[in-house]
Amino acid sequence: MNIEVDIGIKISNPFMLASGILDENGYTIKKILESGAGAAVTKSIGMEERRGYEPPVIYENDPVFINAIGLSNPGIENFFEEIKIALMGKKPVIGSIFGKDAEEFSYIARKMEQYGASAVELNLSCPHVNGYGMEVGSDPNLVNEIVNEVKSKINIPVYSKLSPNTSDIIEEAKAAEKSDALVLINTIKAMAIDIKAKKPVLSNIYGGMSGKAIKPVGIRYVYEIKKEMNKKIIGVGGIENINDAIEYIMAGASAVQIGTAIYKYGKNIFNKLNNDLISYMTANHIDNINELTGVALK
Amino acid sequence: MKTSIIYESIKLNDNTYIIKFQDNENIGPGQFIMVWVPGINEIPLSFSGLGDLKEITIKIYGKASEHIAHLKKGDTIFFRGPYGKPFENVAGKKLLIGAGTGIAPLVPLINKNAYGVLSGKTGEDIIFQDRFEKKSIVTDDGSYGKKGYAVDALKDIDLSEFDMIYACGPEIMLKSVMDYIININGKAQFSLERPMKCGIGICDSCSINGYQVCTDGPVFSLNQLMEMPEFGNTRLSYSGKRIKI
Amino acid sequence: MNIEVDIGIKISNPFMLASGILDENGYTIKKILESGAGAAVTKSIGMEERRGYEPPVIYENDPVFINAIGLSNPGIENFFEEIKIALMGKKPVIGSIFGKDAEEFSYIARKMEQYGASAVELNLSCPHVNGYGMEVGSDPNLVNEIVNEVKSKINIPVYSKLSPNTSDIIEEAKAAEKSDALVLINTIKAMAIDIKAKKPVLSNIYGGMSGKAIKPVGIRYVYEIKKEMNKKIIGVGGIENINDAIEYIMAGASAVQIGTAIYKYGKNIFNKLNNDLISYMTANHIDNINELTGVALK
Amino acid sequence: MKTSIIYESIKLNDNTYIIKFQDNENIGPGQFIMVWVPGINEIPLSFSGLGDLKEITIKIYGKASEHIAHLKKGDTIFFRGPYGKPFENVAGKKLLIGAGTGIAPLVPLINKNAYGVLSGKTGEDIIFQDRFEKKSIVTDDGSYGKKGYAVDALKDIDLSEFDMIYACGPEIMLKSVMDYIININGKAQFSLERPMKCGIGICDSCSINGYQVCTDGPVFSLNQLMEMPEFGNTRLSYSGKRIKI
């Protein structure tokens, strides 16, 4: 039975840690890899150290989960040690990065490659400096420039993570065509008000919704883009169990990432997913997990 | 977000207050809540009293703790939780070591069998000393009790007679306690404090060697801590930068 | 105690029936009005009779709810009798309409006015004929043209219902500035795959997600737009109980619409919301519900 | 979506089949499920058998019913439900009136006290007649039983001796039965069929005078139907256009 998948690099199982969840401290990443994840994506790292927003940075009311961490990160120059520690987990570590333009992205990507990352994931869903409320990812020309620039500067695979907060994700995906894989989706902009306090809960007011509630949106984007272009896709958004993961795979994903579910099921969700995948494949007479990718499109 | 109405507020010293409020939740000693001050911040606080009237003891450091400390009878407190794993409360003899407000989460463990070691920068920082029958008090400046650190007070005590040692305070103090007792008494539980954002094991800001203080802790056993090279050594700053403790 | 609200017309309470749910048959609308709704919006009606999609037209797996009814409707010429029957409910009936251009919209709007509708709601979130995957609502010029044209042709209030499937809803809202109120939000494009059948569940593959899962997105849009422009807003998306409704009102809504929750709580949800609103206002010493509109923005 | 494996398929006549499958759900007589044929359609079907082995009886009208009717042992059936309100099953004497496959949902009500009235266009349409000890059979063309409609068969029966009358079939037939029995026996339950899309009371396609057949029905009492001017008169088409029945 084969559960190894190829996303430009080979990973021993299709379950990856999503960016921003338990992946700031190298020791935590190491532990997640030891708990069964096939690979781990780091927190998104930028040029400079960034404090991020003050708490409350999360709102949790199952099935709704909203976060506004605010891209807090130590800056790429301070991230070497964490990657080094994480790599003791002996599985691929993928560096998630953000920047304001192609130059920043490619600088950070090169650093990640030097630090030993197996691939980089471009977080194209972060706020754009040159325009209120805009996101890098909603400007196809900028996406195109960033992806091409990064691809030309490093030798490890490049993944583009796209934002669902857009009217035309296909245009975006096409702009990112040179990527080795597309990562779909990031969080959906949302907010919550506490009616007793009569105030927004998050200190930043707006945040990104993740978890169970966004799975149908993630499935839609994976399916829609897989149908439109034959690109490797990594599915993410609301995966809580093996059935959710299989749904993403059938929609067209080659691998999947898990984030929010960890607060409900703990780090051991990766071991469980692996076991449940084997059981699923046995029960359904599937020899190779890759057979299932995109079957719902047929 | 849960809410409760403040039942009573007691001033302990210039910048430390006890706040009492009704909450029927079953909470264990050492567990904590995230208290939200709308428009300001959200901070972790543990319990110094666990009856139907819950009690938190809070020292003013910044805006959020100031706001909470100044809540008055009838005001609303917003919080989520309880979170974290509690202390395991043993039946036998207990040594409770608290530095400053670090003594607060140990208060629910006090009984006839408890011996207290209270430390502080000055005498002002020593709280809850009247709750203990037997105790040692130390201050950095010697303004109250003996002059010295918590670990100095331990040197006058026969640690082997305790069934469990409990400690709570700054990590640097916990580390010195650990280093001291490690060869004498292996039965100890430490409550750690690291910067918290989410409180539910997802943001990684409170982590220590792959463990999340908010969910795997805040209480860790001596054995667990011995396997954590980060303990008393390095931690991540609020932004995620590795810094010395 | 006052629970009457003004949305260009006065309605006796802030709870309205959302478009597309139990509002195709005039008798059902009448019954909903008798069950306590302050007003009811009809199903979206177009120029011609439309069969809509074949079943499955819904996917339900609480908290996820997705529909793809496909704008089935009898065509405006055949809708007079339903409005006539609905009006026996003796409360405002609001005609929801869709079309491909300003001319169609204004023709149908005039008909709705003649039929006795108290207001019209422009469904600007339906598929655009002239462009694959596009929606009328994501073209601000078209929105502007439609709204201005309809406003100039009828004397009853005009509401614009906007789509959340866009990168810049503020631009859209501004294009619809002449409307008497904005209705936020319509469903979010999504889909579900049945992993046993290995196929998308909905016959149309894609559908619109509604219910509990989208409330934080609706709240965000209401808040964001209320902050940007001082327009009357009708909030809709995932309202299941009085707390949800109050959250929308605090975010800036003057009235709210309820759709999906009806399958969980039945038509009587309107009576319950009214009772619970009175209890809430009593407990919180609020005399006039309008005081609460937008308090979270302060 | 639920699934079950077909246990057995029985051909009743040229275009009518019984399909049996395992399902432990507790289902009442008259309730229905929405059966999905992936890639084709989803249609409402009621139960002709309610044990641990559930039984549906299906007549082929179009693609979906054809696909379901031809399911074989070992095939998978996809469905959601059960939905709707069941018949109230009384202890006393029952009259069961079924037109064509309309008899199917009445089958679970059959016992010693039941008298059946079975109608059909031709003899081919008469099914389940051997399940009844006492019965009348009528066909439009007189090819089996008496020639006539269901309501004609009633004229030979003393309706006052029944504690409950149950009827299921095309709305036009139900209306004629209602008009006939209305002055004789007020105790009757009718199972209605209207075009269904959602099955859960949200799309309005199956509605009749403000009631949703899928959730408030499909079973309605005589008294309820008497207050529905739409009954037997008008309904909405699949697109929502009001049409004559």
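To keep things simple, chains are lettered A, B, C and D as they appear, and every chain counts its residues starting from 1.
The working rule: contacts are C-beta pairs under 8 Å (C-beta built on N, C-alpha and C of every residue); 3 or more make two chains touch, one makes a residue touch a chain.
Everything numeric here is computed off the predicted structure, so don't read it as measured data.
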If chain centres are mean C-alpha positions, then the most distant from subunit D is chain B
If you average the CA atoms of subunit B and of subunit D, how far apart do the two points sit, in angstrom?
68
Just how far, in Å, is the C-alpha centre of subunit C from the one of subunit A?
33
Dist(centroid_CA(subunit A), centroid_CA(subunit B)) in Å evaluates to 36
Check: subunit D positions touching at least 2 other chains come out as none
Spell out, as numbers or ranges, the residues of subunit C touching 2 or more other chains.
199
How would one label the connectivity among the chains shown: line, ring, star, complete, or other?
line
Kindly provide every pair of chains that touch.
A-B, A-C, C-D
Over in the complex, which subunit A residues touch subunit C? Could you list them?
59, 63-64, 66, 133, 135, 138, 165-168, 170, 188-193, 195, 198-200, 205-206, 209, 212-217, 219-220, 223-224, 243, 246-247, 250-251, 295-296
Interface residues, subunit D side, partner subunit C - complex
1, 3, 34, 36, 38-39, 41-43, 76, 78, 80, 196-198, 200-205, 207-212, 215, 230, 236-242
Please name which positions on subunit C make contact with subunit D in the complex.
21-25, 27-28, 30-31, 43, 49-52, 54-58, 60, 67, 69, 72-75, 78, 81-82, 194, 196-197, 199, 201, 203, 259-260, 262-263, 266
